[in-house]
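You will see two complexes here that share chain A, one where it goes with chain B and one where it goes with chain C.
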Partner chain A sequence: MFRATIDAYLLRDSVEILSVLVDEIRLRTSSDGISVKAVDPANVAMVTFNLDSSAFDDFEADESEIGLDLTKISDILGVADKNDKVSMELNENSQNMSINIGSFSYTLSLLDPSTIRSEPKIPQLELPAEIILNGTDLRRAVKAAEKISDHMLLGVNDDVFYMEAEGDTDKVRLDLARDQLIDLKPDDVRSLFSLDYLSDIVKPASKSNEVVLEIGQDFPIKINFEIANGTGKVGYLLAPRIESE
Partner chain B sequence: MGVDIGDLLHKKEVEIPNLSNKTVAIDAYNTLYQFLSIIRQRDGTPLQDSKGRTTSHLSGILYRITNLVEEDIKPVFVFDGKPPDFKTETLEKRKQSRENANQKWNEAKKKGLTEEAYKYAQGSARIDDQILDDAKYLLDSMGIPYLQSPSEGEAQAAHMVQKGDADYVGSQDYDALLFGAPHVIRNLTITGKRKIPGKNTYIELKPETIDMEENLESLGVTHSKLIDIALCVGTDYNKGLEKIGPKRALKLVKAHDDIKSILNETGQKIENVDKIKDFFMNPEVTDDYQLKWNRPDKDKIIQFLCEEHDFSEERVAKACDRLDSKLGSHQKTLDQWF
Partner chain C sequence: MKSNNRCIECKGKKLCGRPRCPILERFASIESLSSKIPKNDSVFGASPPAVFVGRHGYPDVSAGPMIPPETNSDESAVMDSPDEWLGMNIQDIISMRSRLVRSNTNINIKDGLSDNNLILKSQELALSTNPVDTEAWYSKTIENNLSFDSVLTPTGPSATLKKFEITENPNVPKKVDYLVYDTDALAKESVSELINKNISTEHITRLLSIGLLGKDRCLVPTRWSITAVDDMAGKDTLNSIIDYPQINEITLFSGGIFGNHFEILYVPKNYSFELVEIWLPKSVWSGDSTWISADFEGLNGKSKYSPLSGGYYAARLSALEYLLNIKRQASIFIIREIQPDYWAPLGVWVVREGVRQALQNTPKTFESIDNALSDISSRIRTPYPNWRNQMELLSKVKTQKTLDDFIF
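What follows is the complex of A and B.
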């Protein structure tokens, strides 16, 4: 069983976080809250998402797995105002979910979870450098990079975290020293990432005051942040590109 | 080679562009035989380097597989492992017929009979360790994955399609169906104009797919009964029953409960029949493989094909560039960190 009420904007943010990588999810429910692990079809990036039951106004659930079409939910949320509440209830016998927003009531048909790509294993990575910064700074750097290239270098050198993009003719670089960051665990590392992915991931991250980046040498990057006043946790993992000679 | 049930099966011609992004588990031995027997000069001599070493298979792998990759088809080569012990007799016979063909080829060449020579030359094609090693080395340099099956390659390929790791088994034979392959594709590596053996005419070969479920349904048999049909007409592991072709075999199988009662009625014997049937139903396969297409190593390919085997550097370099434009993506995937 699954019955919950949540702020519309929080549900919308959650859908946005996941739909960066996938269209369909296996939503895990338990008495503690909800969680999703998903990997994009090209195996380049994955997301782990947890939302504690305390993020909801009302929450009651047992261990279960629900198959959801994110596009449909996002369409439904189109009618919601920022301050609306969304209440959801699973109708287990008919394999659908009732969703109520204000005076709207929807019946959303569910997907058979077994038809959705199974949850990825989470690789255990030791990433030497850790940077904590404001989400807005990250987003600004990515936006600047998008203008001139399709990939971007993220690295740490001598207590400075840098983001650099080089196009065919132009180059942009943002240096953030320790005092411009919230925290820095330095190590001499750098990895290159596709902006196709990075800009989509950074968009939801930019709403957070504290984004934690973990970087290695030509290794995947971890991008972690919290939502809903710390009751929700989001972790992205993005595979690097190979630097061409 | 292979089981002769093709006449019973419904095949669908398919256009190459419709295969884009499909993964094909290619029966490596079958495909290497195709290359070795087809890619030859007019008198039947295979392509050779200046030291007289055969290079037909290398040419086939480089150019034909590059063509597939260029169409966004993802090939993975599946090599045979240890054959089941009841295959020994078949393998021995094949060896004899190859030696026989080799002798006749030489005779025909001496007499200047080009047509005959070509025919016998094709029959003399053989795969040795050197050919296998060269093929694997080239595939690896090209960034094409390959794997070694514990037993028959077709069984492993069928398993990969069942698991959903591949979309088709690529083979000219129908044996993969006996091993339970849901989808088989033929003619993939030999598409284009093909000379009809013994005649001076050419036909256009297009890839064709065979859907197992569809065929079982239209034949009105189960997978197990399809194997019984194969046992009647003869497989790689047994001689067929006397005077029984595919159509009669189908009738027999439908009229009887199992292969045993067919044998009883016809008064014939198939050696190891239980073992063979069980082998088709539950072949030894492995889940220990990784399908990863890598960037081709142009220098390595050129060194191997041009310096060692006298290929034209200009043509090889072009093929490498075509390959690289598909497999040369700079984006890594997460799988390598699992």
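What follows is the complex of A and C.
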């Protein structure tokens, strides 16, 4: 069984976080809360998402897996006001979910989880450098890079975290020293990433005051942050590009 | 290395503002190509079968059957089946096609279709797999001439229909019969069912253009329906291969037809597709300079019509068919070099069949993409950097790592 009530804005944020990479998800439920692991079709980026039962106003669930079409949910949430509550209940026999928002009541048909891409294997990575910064700083740097290039370098040198993008003719660089960051565990590393992915990933991350980046040398980047006052945890993992062919 | 040759981008769409395309006109005036059609105001002959819907004046278009005068079923069968033309030369194909009289009636693509006897008869003709004997009467004597186009296969003279009769029963496959009466099925659903039943692309195009598929029946200009079918069939094939494992090795096919040379490279990655077109000087549209352009798509497909037009969708379809046969997915790169031997535009089937033909050859496999590229460059006449620099997707595929690379 699955029955839950949650703030509409929090559900909308959660859908946005996952929609960056996929349109359909396998939602895992348990008595502790909900979780999703998904990888984009090209196998370049993945997301792990956990929302604790305490993030909900009301939560009751068994161990189960539910197949959801994110586009449909985000359409439904279009009618919700910021302060509305959304309540959901799984109808196990008829393979659908009732969703109530204010006086609206929807019946959403579910997807067979076996038709959705299976959960990815998660690479076990030890990444030497760790940077904690404000999400808006990260977003601003990515936006500046987009104007110039389709990829961007993230790295640490001495006690400075830098982001750099180079186009055919132009270049932009942002240096953030230790005192401009929330925390820094330095190491001499750098990796290059495609802005096709990074731009979408930093959008939801920019809402967070504390984004944790873990970087290696030509290795994937981990981008972790919390939502819902720490009751939700989001982790993206993005594979790098190599610097030249 | 992109020269400013608007003729290649336009390919006879008359973007230059001239009332007629001078390049196409040049071919139309080659008298020696057209076989003499008897000067008469009625014809009797077996249609391959073929129908034609024009796009001039859309939504008021001219449409009707294509009939080769005094031609029996045995001779006619080959006339609309490009896969049987590979052993012929360009001249033979043009003179064979020039015998097809485009028999027209003027009609709105939507209004009054079901009351127009000439259209109803054309629809009946389009259903058939085999040639059908027909007889037609025209308002004037037929004049010999030819028409060419970048997507369409050349056709002979056109004449306005007064009366049209089918004089034998068409041979209609069961699935075709069933689907044309299903007015609840969307065109793309019907197309995908027809493909699964091994109905030829030409047959499907015929049904779509003459208004026999889809919920909302209307005539579709032949030029558009050719590309629509290539696109729908391609997407359908893509959906089937998307969950297959990746191809094992970097695999390269090489070959071509009628001065169209193809290099087809499959790389073990998730699906994506890129086509580079190189028009060498003195090939159909290019004039005196080389023209190079490329276009690509990822897993989400394309949202806009490709600037490489119909050839892009035709090449993609044939390349995907190979993956479907071997039950694998891959990132596909095609380099198409058009040589001066391709002196008259034959239609987009040249791309579809050319890729299919190249895929019949024995492939080579390579350790790295760079090795494959250097092998390709030995057969492409254009200098390597000129076309390689256009291949944006190839650069992305070569530089973007995937998460699998980090599972140890």
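The criterion applied here is as follows: the second predicted complex is superposed on the first by the 244 of 245 C-alpha atoms of A that agree within 3 Å, B and C clash if a C-alpha of one lies under 4 Å from a C-alpha of the other, contacts with A are read in each partner's own complex, and residues count from 1 in each chain.
Keep this in mind: a contact is a pair of C-beta atoms (placed from the backbone, for glycine too) under 8 Å apart; a residue touches a chain by one contact, two chains touch by 3 or more.
Here the structure is a predicted model, which means the values were calculated and not measured.
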**Study point:** Clash or fit, chain B versus chain C on superposed chain A
**Key:** clash
Review point. Looking at the overlay, does A:P41 come into contact with chain B only (first), chain C only (second), both, or neither?
Key: second
Review point. So, does A:P220 touch the first partner chain B, the second partner chain C, both, or neither?
Key: both
Exercise for review: Pick one for A:S194: touches chain B only (first), chain C only (second), both, or neither.
Suggested key: both
Exercise for review: With the two complexes superposed on chain A, say which partner A:G78 touches: chain B (first), chain C (second), both, or neither.
Suggested key: neither
Practice item. Report which listed segment of chain C has C-alpha atoms clashing with chain B; options: 60-68, 132-140, 168-176 or 312-320. Key: 312-320
Revision key, fill the gap. Overlap of chain B and chain C contacts on chain A, residues 39, 42-46, 120-121, 123, 125, 194, 219-220, 237, 239-244
Review point. Which positions of chain A touch chain B when the two form their complex?
Key: 39, 42-46, 120-121, 123, 125, 151, 192, 194, 219-220, 237, 239-244
Exercise for review: Sort out for me which residues of chain C touch chain A in the complex.
Suggested key: 242, 269-270, 272, 298-299, 370, 395-396, 398-408
Review point. Given the complex with chain C, which residues does chain A contribute to the contact?
Key: 39, 41-46, 120-121, 123-125, 194, 219-220, 237, 239-245
Review point. Which bits of chain B are touching chain A when the two form their complex?
Key: 295, 330-335, 337-338
